[in-house]
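Each of the two complexes below includes chain A, the first together with chain B, the second together with chain C.
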Partner chain A sequence: MNQVKKPVSVKKVILRVLLYFVVLDVCVITLYPYFAMLCTALKDRSEIFASIALGKSTILPVNVMWSNFIDIWSRAPMARYLLNSILIAGGSTVIAMLCGIPAAYALARMKFKGQTIFLGFVIVSQMFAPVVLLIGIYKVMGAMGLTDSILGLIFINAAFNQAFTVWLLRGTFMGISAEMEQAATIDGCTRVQSMLRVLLPVAAPGIVTTLIFIFINAWNEYTVALCLISTDTLKPLTVGINTFNGYNMIEWQYLFAASIFAIIPVVILFMCIEKNLVSGLASGGVKG
Partner chain B sequence: MNKKTLRRVEPYIWIAPSVILMAVFILVPICSVFQIAMNDVSKAGKLRGFNNFANFSKVLKSPTFALVLKNTIVWTIAVVVISTVLGFLLALVLNNKFRGRKIARAIVVFPWATTLVIQASAWNFIINTDYGTLNTLLMKLRLISAPVNWTPNAGAYFAWEIACGIFVTIPFVTFCVLSGLQSIDTSYYEAATVDGATYFQKLFSITLPLVKSSLTVATVLNIIYVFNSFPIIWTMTKGDPASRTDTLVTYLYKLAFYNSKQGEAAAVSVIGFLILLICASTYMIYTLRKGDDDL
Partner chain C sequence: MATLNLKNIQKIYPHSSDQKKAKKKKGEPEKKTNLQVTDQGVIAVQSFNLDIADKEFIVLVGPSGCGKSTTLRMVAGLEEISGGELYIDGKLMNDVEPKNRDIAMVFQSYALYPHMTVYENMAFPLKLRKMDKDEIDRRVKEAAEILDITQYLDRKPKALSGGQRQRVAIGRAIVREPKVLLMDEPLSNLDAKLRNQMRAEIIKLRQKINTTFIYVTHDQTEAMTLGDRIVIMKDGFIQQIGTPQEVFDHPANLFVSGFIGMPQMNYFNAKLVNEGGKYAVAVESCKVVLSDEKQKNLTAHKVQPQDITLGVRPSHMVLAKQPGNTLSAIIDVSELMGSEVHFHANANGKDVVVIVPTMNADGERIDSYHAGDKLNLTFSGNVCHLFGKDGKNLEF
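And then the complex of A and B:
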């Protein structure tokens, strides 16, 4: 630009400073619980319970206890919990995608009777969190012999994430022109082949976003797992870490050390899809 | 089978897995809840026949239910309204260009990504009177001289639960509004600036109308999710003391799995279900109509 630079007004500077002040505050408040968790996870038990009234409590750990992060693996079957969480989240994602991709494809590429009804049910089903239906779920799973089993949790998570899967994938598929698939069909591909070889590679970013989001939802699920699983070694992390949150005595250092293991993978995954998720949000609506 | 019939049934084959999955694990439980609610249920969970809505009248007559319903309404409205306002403001702030915007956005995602149980445990620890970090921090900053009891009564506990609910709901609103804000053409603002519009005029006559649809979707979904939210209250108070901090979902969980009153719990489920159905159908009509506009 060849214009003469405007002098920076005082008002602008003040607004700028105010902006940074607000952003900084928000970040500090948001990160505070995580900071508290990390500090506590590194403390010794006696340091955590040191009396505030006597001024003995600390913010940062005095004796940094890295051993807490090792102890949790022997204090509770953490490795099992972690494995269960991975199995549940992974299994739910696979099933939700296997059922959701064809359905979304049909909704995006074909016209059939009952399309609106199906879409309506998909949207409505998103509204019913499993917790309201817990008694029904418990009964149904009991009848199928799926209470206290990881497989049962996988199906429930897949079903309750189906709405989001179908809705977001349908949007992704509709945003891609059908011409290439039609060309492939003319070249002798069947419909399934043209979907697998032509559409899915193009739709990959949308598919990955959906995939990660289901994984996170299933990973963070708590209520159904709490209700269905009674055997300790079948619990996922979200339920299992409460071993450290007993009725008589809370082992805060272990609880938070274990929590950090449950949080980190999800936060990283979430950051990967944050950008794509924002565009999908306005159209479908998603949340754990 | 000839080609024509195949073509006609083909779409149903494509949607079949999805339909079966949702039918078995969502539709059947819904029916089951209705069935249990209508029946006299033994302690062991055996259905003993239709009992003339006795479960419903028992639930509706109990004073606890009135309290729980009131709590649920307070909880839902407080969390949704406050987080919508704060989330909207935060989106306006984050929509500015500034150094470190990417980092700030990544940080704001944190509470959304964290499972609610852990978030609630962390807050439980922070506000503890005897060893909580909030008291420690305030003591170190010399803002208080003795530890403050942050949870002197059930009401205070409930307020903290609401605060925690707000804390985890804000990111969702923020990101919905941000997605709306990013689709606004900047030329509107430039034209308005040329015409001498103030910041607030631009906010109310350009920004708000254009993000209205994202904001509506976010709000309706939030009403439903917050209404159904279980882990925060369960982790912090389990609804105690004496149901003073219970919401519908924690109440029905206790009825069903602690007190073996499955019939009454199912009745509470049905009542909650009907309340949600009203919200859901409003949302569905809205979304489908919006979908038609796009075509």
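And then the complex of A and C:
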């Protein structure tokens, strides 16, 4: 028995080592840009341009310049950018959810003509990259007088995330037994009450996941904001940090310090929903 | 507390667009069940007529897809009524919202609100009716007392077992003191032991609360033990309405006779003969003169001698000591159940089940019969069920 077992365990060990090696590789490849970003953000300007190959600098900063993180606030209206990003991401999340929840409810719980076509249409709208639609969007926003406004960006981000919201929430709702809402209607609820008081609280994990996902998407949006917003004080963080990418020189240390600052909320939100996201996607995908 | 009148109730599920396309192509839609399909759609329930008395316990029973749950859901208002009229306490309810029908329902899946505690679950319907807080508290605690769930009031449903959850679901239904209490297969999700226990609990509950019950099940034991009257359904039609004893003793047709009673009734190809004004049934070499009651019924209906299907329940088959005016059968399997033995035998190619006590009146042990042994079977004239070619009981 032992003779049979031994080769299997060796094989297992090799497989495990290989697995760890692959995981480590993936981690290094994924995390290195962030590591480089952090290191650069903490360097002096002269140190950034000193050659590592010639031994005049290292990857890690020699003089750790924490002041870079303070300087960015005075060199650009970072607080304003931050507020704009919060307004855009928050506003579009609210609108996408307000439109998405009733739509997903109708698609999950009611039968109507053209339902399949409608669902297909919704998913097709998700397939266009924003860049393809830029000119059209610019024209529409121009006609509505929303080219250089935060409200315009809120609408666009809400629209871009609508398909995702509808599909994910529809899956979540379909995974919840309709008998609960029927019980609520017998207990004395109207249809809307049964949705608000029973379905939505039960679907809360899926809703929170969707909500944070939209927020992150809108927070990270760059292309449309860059094209639509020209007033400096209306820019979101993603566009605003380009201030450090000047005509004459690029201030890498500030650019990276601002970038790190911009990704912190996203990382925190991701950490919050990591578990929910997996279960949310799984429960949404399979009809329970 | 209410009377219910269901008049010619009908439920039609319209064809979906896909089915319509398929119908156009093939001419006929694919039939998955025996339900009637018309141009309008699939008819799930039709010609459902039933008057339910105040505080009556009605059980709708039948195989899957027979329309019993659909009927219950139409009473609840969860399904639209395609045709006919539903009256609760004399008021037409067809288009009344579920919340305004003053009914409560217990679902098979419990359908508890998982984000609320047991107390909140039970208080929910009362809160929606804007009832006084003290009154809510009193009612919830009283219902919890009846159902023995007082100690779980602070827990969420996920921390309860299946049986406890079902009690909570029943509790949520009874706190409202509804006019009609609907139960849709409430015990189907429970294991056998718990199901027996809960069945007894429902009988006790019924004695404690004064209301009209409509109970849906596919389990004939539940139907027989719980119902004042049983409604047996098949393919959307009512097959028979009657007390448990009535449907057991006088099944209206072959389906009812086979559905009610465990093990199933034995059937024989037989002849109904009339000799000198007396009806008798003849199966092979065995001829049995029918009882006076049956003679009267058959005479009243002027039934002519004909080929029939004879039904005899396994417990009504008797072992004769000597061959003679008997049916002979060879035992395939013998199952000793303690106080009785079930013989699965073969009588001229027909499977027959015979239930006999382990010991007969003479003290002879009957379980001494084994597979391969020959049995001489007979039955008396008052336990025969006679079904015509159309499957209907000839006595009806």
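In the analysis below, the second predicted complex is superposed on the first by the 258 of 288 C-alpha atoms of A that agree within 3 Å, B and C clash if a C-alpha of one lies under 4 Å from a C-alpha of the other, contacts with A are read in each partner's own complex, and residues count from 1 in each chain.
Assume a contact is a pair of C-beta atoms (placed from the backbone, for glycine too) under 8 Å apart; a residue touches a chain by one contact, two chains touch by 3 or more.
Quick caveat: nothing in here was measured; it's all calculated off a predicted structure.
Asks: In the superposed arrangement, does A:E179 touch chain B (first), chain C (second), both or neither?
Replies: Only chain C is touched by A:E179; chain B is not.
Asks: Return first, second, both or neither, reflecting whether A:M78 touches chain B, chain C, both chains, or no partner chain.
Replies: A:M78 sits against neither chain B nor chain C.
Asks: Scan A:A218 for contacts with chain B and chain C and give back first, second, both or neither.
Replies: A:A218 contacts neither chain B nor chain C.
Asks: First (chain B), second (chain C), both or neither: which does A:F270 touch?
Replies: Only chain B is touched by A:F270; chain C is not.
Asks: Mind working out whether A:C189 is in touch with chain B, chain C, both or neither, as first, second, both or neither?
Replies: second
Asks: In this superposition, which partner touches a larger number of chain A residues, chain B or chain C?
Replies: B
Asks: What is the contact status of A:A41 with respect to chain B (first) and chain C (second): first, second, both, or neither?
Replies: neither
Asks: Examine A:L199 and indicate which partner it touches, taking first as chain B and second as chain C; both and neither are also allowed.
Replies: It touches nothing on chain B or chain C.
Asks: In their shared complex, at which residues does chain A touch chain B?
Replies: It is residues 16, 19-20, 22-23, 26-27, 30-34, 36-37, 39-40, 48-53, 55, 57-59, 95, 98-100, 102-103, 105-107, 110-112, 115-116, 118-125, 127-129, 131-140, 155-156, 158-160, 162, 166, 191, 216, 219-220, 222-223, 226-227, 238, 241-242, 245, 252, 255-256, 259, 262-263, 266-267, 269-271, 274, 277-279, 281-282, 285, 287-288 of chain A that touch chain B.
Asks: Touching residues of chain B toward chain A in the complex: what are they?
Replies: Residues of chain B touching chain A: 8, 10-12, 14-15, 17-22, 24-26, 28-33, 36, 45, 90, 93-94, 96, 98, 100, 103-119, 121-123, 125-126, 130-133, 135-137, 139-140, 146-147, 172, 175-176, 178-180, 182-183, 213-214, 217-218, 220-222, 224-225, 228, 230-231, 234, 249, 252-253, 256-257, 262, 265-266, 269, 272-273, 276-277, 279-281, 283-284, 287-288.
Asks: Which positions of chain C touch chain A when the two form their complex?
Replies: So the residues of chain C in touch with chain A come to 17, 76-78, 97-99, 103-105, 107, 109, 111-115, 124-125, 128-129, 172, 176.
Asks: Can you tell me which positions in chain A touch chain C when the two form their complex?
Replies: 113, 177, 179-180, 182-190, 193, 198, 201-202, 204
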